[in-house]
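The two complexes that follow have chain A in common; it is paired with chain B in the first and with chain C in the second.
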Partner chain A sequence: MYAYDELDRTLINERVSEFRDQVKRRLSGELTEDEFKMLRLQNGVYLQLHAYMLRVAIPYGTLSSKQLRRLAHVARRYDRGYGHFTTRQNIQFNWIKLAELPDALADLAEVGIHAMQTSGNNTRNVTSDQWAGVAPGEIEDPRIWSELLRQYTTLHPEFSFLPRKFKFAITASAHDRAAIKVHDIGLRLHKNAEGETGFEVLVGGGLGRTPFIGKTIKPFVPGRDLLSYVEAILRVYNQYGRRDNIYKARIKILVHELGIEKFAQEVEQEWLATRDSALTLDDAVVEEIRSRFTYPAYEKLPHMPDELKKAAHDPDFETWRKNSVAPHKVPGYAIVTLSLKPVGGPPGDATADQMDAVADLADKYSFGEIRVGHEQNLALPHVARRDLPVLWRALDKVGLATPNVNLVTDIIACPGLDYCSLANARSIPIAQELTRRFANHDTANLIGRLHVNISGCINACGHHHVGHIGILGVEKNGEEFYQITIGGRADEHAAVGTLIGPAVPYGEVADVVEDIVEAYLALRERPDELFIDAVKRLGVEPFRERVYATR
Partner chain B sequence: MTSPLEQKKIRIAGPSVVTANRTWDGVVIYRSPQHGWSVELSDAAIVRTSDEARALLAESAADDVGAIGAYIAPVEISDTGKIKPGNLRERIRSKGITIDLPVPA
Partner chain C sequence: MPLVKNGKIATDTFVRVADDDPLPGDGAILISAARFLEDTEAVSRRLGKTGVIWPNNRDVDDLVPYLDRLAAVALVFPTFRDGRAYSQARLLRERHGYRGELRATGQVLRDQFMFMLRAGFDAFEVKKESDAVAFTSTAKRYSVFYQPTGDGRVTALHRRMQQRHSESAGR
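Here is the complex of A and B:
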């Protein structure tokens, strides 16, 4: 966990006071909606179909049990008893009243949580690998650098009015769990030939209306130069990014139109002026940040304790363990993913009671720490393997032991037209129907890893472009239709999926996905050829034929 | 959502209402014939011509303190005079989300 200092606390509290005054002036009519809109957006407050929505940042996906309990409190006190974890390590509350928002933010500020820059044309919540600091083989904890970037970008005056929003993601593992290639800037921590730690910098990735996979702009930037190099990128974007057309305003369009070589030249030119400046990070600054991250006092524990051997006789436990438990860098410990994708449930939602239960379990079994992943699941990052059986039983009691992580029912979905003012079509009911169709976990396991991502509009909050199966809701003559893509992925081999054919009506989406899955099962070379690999080998044609032969 | 300015160019194709969200809590509201707002679609003022729609929208948008984002939305009027939302988005705004809430109200 990172311990906020007095500066952080003061900043957050001052922001709440400022926003309280702005809300008061809005409600009295002193501020018009036009004047107020940008102020509320800078504090994470949107207006959705039925109510205001508050988006709260969970920097690099790390929460303490105290913070999670406070989120539960906000859900219960100011909302309708639940929250929605998003694809960018945020949580959204869907029913908050404007008049009560300052109180909710004040309650969050007490535990160091805020909603600053979770909306608006500024640098957004810096996201990272939800297994940061505990994943085996990691170069180092990427959250140290995420926190540096968080501090640097928070209220940065030059980057508070960018052409459009701007998103960072950082990973330090070979396997990318942070989807860095679909972010405006993606950072991959690695070591160069001299053993120095630095970053591969990718730029211009993004989804939405015009999806692009990020391109490497510089294979290695030393850690000490991270801020100056990032600032050079942002300055070039700030200068040349298009402000005349919202659909062409993201950095991905600028990189695409200029070409990565030309864009890189511009950045290098800018970097010459800032490289050896106050932005250069000396070791003491990095160490100061590093020292504020505290790590558990791990015990020396066996890899295969008696409790685990005994529980292995229970097939239900074994199904869950194989699905939800990942290796930890410390022997005797494990990372446990908590699925927020129950059969028939809205993906990513957690009730206040569940949040409280997870906080209690984190205190008992995970040194009080919880993680949030972009796949809209939670994780307990420091669980002793001997505690896995008892943890599983406790999770099961609160509906958080669905053994479907990375399987066909572990669906990423945006709120869609049920909540969102931008959406054209519903996402959640589609996800719910799919989880019912594939409710049999044996079948889901037989299918293997398969990511289904659903967005209710082209803005792609459900990351449909990079779903192994992507589903995009569109509106045709007043009816909901859905375009289906296959072959997308968000990991280190990130790719945008390929459209398989004409959009299908709402009522046929689950049938189409079943057809695609059946085609895959029939066509795969062997049981361990994953869906995504089969699509790469076969192309989309066999799947297209299967889906449209009878339609 | 189309802004009031853009909607000035729009001709309505059938019976319509003006809807918005209430400022203090964001709740869906409809402009009533009494120059106020109601949370019930059945209370909404119905306009049938583009001129009427523009006038009602202008009146509604002038209430910046009470309502946000006023716009014209299509409705259907049944034989019995019941007002129904004219498209899916408006049905969801009027009747609420189409799924069960994670925590029953």
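Here is the complex of A and C:
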């Protein structure tokens, strides 16, 4: 955990008091809605279909139990008793009243949580691997750098009015769980030949209506130069990014229009003028941030304790363990994913009671720490393997032990037309129907790893482009239709999915997904050839044939 | 439109001269970049200070050779959502060492003051009277800053390092 100091606390309190003043000026009419809009967006406040929505940042996906309890409190006190975890390590509250927003933010500020820059045309919440600091084989904990970037990007005097939003993601593992290739800047921590730690910097990735996979702009930027290099990229973008057309304003379009070589030259030239500046991170500064991350005092524990041997006789436990428990870098410990995708539920939602329960379980079994992943699930990052059986029973009681992590029902979905004013079509009911179709765990397990991503409009908040199966809601003559893509992925082999054919009406989406899955089961070479690998080998044609033969 | 300079509402001593109007023989003037660049010598021969209104879509590099002759540079925020002039301001101050008046013009609202101060602006053509009146209190709203800029405000990282040093020295 990163511990806020007095300076961090002061800053978010100052931000809350500024926002309180802005809300007051809006309510009195001193600020027009046009003026207020940008100000509220910079504090994570959207105006949705039915109410204001507050998006709260969970930087690099790390929460303490105290912070999670406070999120539960906000859900209860200011909302309708639940929150929605998003694909970018944020939580959204959908029913907040404008006049109460400053109080909600003040309550959150007390535990070091803020909503700064969770929307608007600025640098957004810096995201990272939800297993950071605990995954085996990691270069080092990427959250140190994430926190440095969080501070650097917060209320930046030069980059708070960019052409468009700007998102960072960082990973330090060979397997990318942070989707860095679909971010405006993606950072991969690695060591160069001299053993020095630095970053491969990718730029210009993004989804939305024009999806691009990020391109490497520089294979190695030493850690000490990270901020100056990022500043050079942002400065080039701030000056030359398009502002004439909102749909062409992301950095990916600038990179695409200039070409990566030309863009890289511009950045390099800018960087050479700034690299040796106050932005240089000398070792002492990095150490100062590192020293405020605390790590659990792990015990020396057996890998195969008696509790686990005994529980292995319970097939339900074993199903869950095989699905939701991942190896930890410390022997005797495990990382446990808590699925927020129950059968028939909206993906990513958690009730206030569930949040409180998870906070209690984190205190008991995970050194008081919780993680949030971009797949809209939670994780307990430091669970002693001997505690797995008792944790499983406790999770099951509160509906958080659905053994479907990474399976077809572990669906990523945006809020869609049920909440969002931008949406063309519903997302949540499609997800709910799919979880019912594939409710049988044995079937889902037989299918294996399969990511279904659903967006209710072209803005792609449900990351449909990078779903193994992507579902995009569109509107045709006043009706909801859905385009289906396959073959997308968000990991280190990131790719944009391919459209399989004409859009299908709302009522047929679940049937189409079933057809695709059946085609896969019939076509796969062997049981462990994953869906995504089969699509790569076969192309979309056999799937297209299967889906449209009878339509 | 009130002008705030050095933290106070002030009288604007610069007169804006349109491109097709004759230049007055003396007195401080603010003219467009196009007019200035058309004949920099003629402008410089005048008695009286020169200020240039520099558009936000033109590289400040083109202005750099003349900076020592200028008493003011006015940068433009066509809307408060357009942040290009923040980069121009920092480049002028921090890279090119410009020390004259740096004026924010266009849609300049209270909620941008802090960003503008940090970017190096020291004069503000403020859109609303009430915002101009609130300048001093708004400028004091924040006491913690994460980024180093040329404004000299000490960053949080730096303050922490200083604290560390004084703690270890006291031990």
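Quick notes
One rule holds in what follows: the second predicted complex is superposed on the first by the 551 of 551 C-alpha atoms of A that agree within 3 Å, B and C clash if a C-alpha of one lies under 4 Å from a C-alpha of the other, contacts with A are read in each partner's own complex, and residues count from 1 in each chain.
Simple rule for what comes next: a residue touches a chain if its C-beta (ideal position, glycine included) is under 8 Å from a C-beta of that chain, and two chains touch if they have at least 3 such contacts.
Since we're looking at a predicted model, the values are computed, not measured.
When the two complexes are overlaid on their common chain A, residue A:288 makes contact with chain C while staying clear of chain B.
Once chain A of one complex is fitted onto chain A of the other, the partner contacts of A:52 are limited to chain B, with no touch recorded for chain C.
Contact with neither chain B nor chain C is seen for A:499 once the two complexes are overlaid on the shared chain. In the superposition on chain A, contact is made by A:277 with chain C only, not with chain B. Looking at the shared chain after the overlay, A:7 reaches chain C, while chain B stays out of its contact range.
The interface of chain A with chain B does not overlap its interface with chain C at any residue.
Those residues of chain A lying in contact with chain C across their complex are 5, 7-8, 10-11, 14, 17-18, 22, 30, 35, 38-39, 121, 151-152, 154-162, 235, 238-239, 243, 273, 277-279, 284-285, 288. Against chain B, in their complex, chain A makes its touches with residues 26-29, 32-33, 47-52, 80-82, 97-99, 345-346, 349-352, 417-419, 421, 426, 428-429, 432, 478-480. Across the complex, chain B meets chain A through its residues 1, 21, 23-28, 64-65, 68-69, 87-89, 92-93, 96-99, 101-103, 105.
Looking at the complex, you find that chain C touches chain A at residues 80-84, 86-88, 90, 95, 109, 111, 114-116, 118-119, 130, 141-149, 155-157, 159-161, 164.
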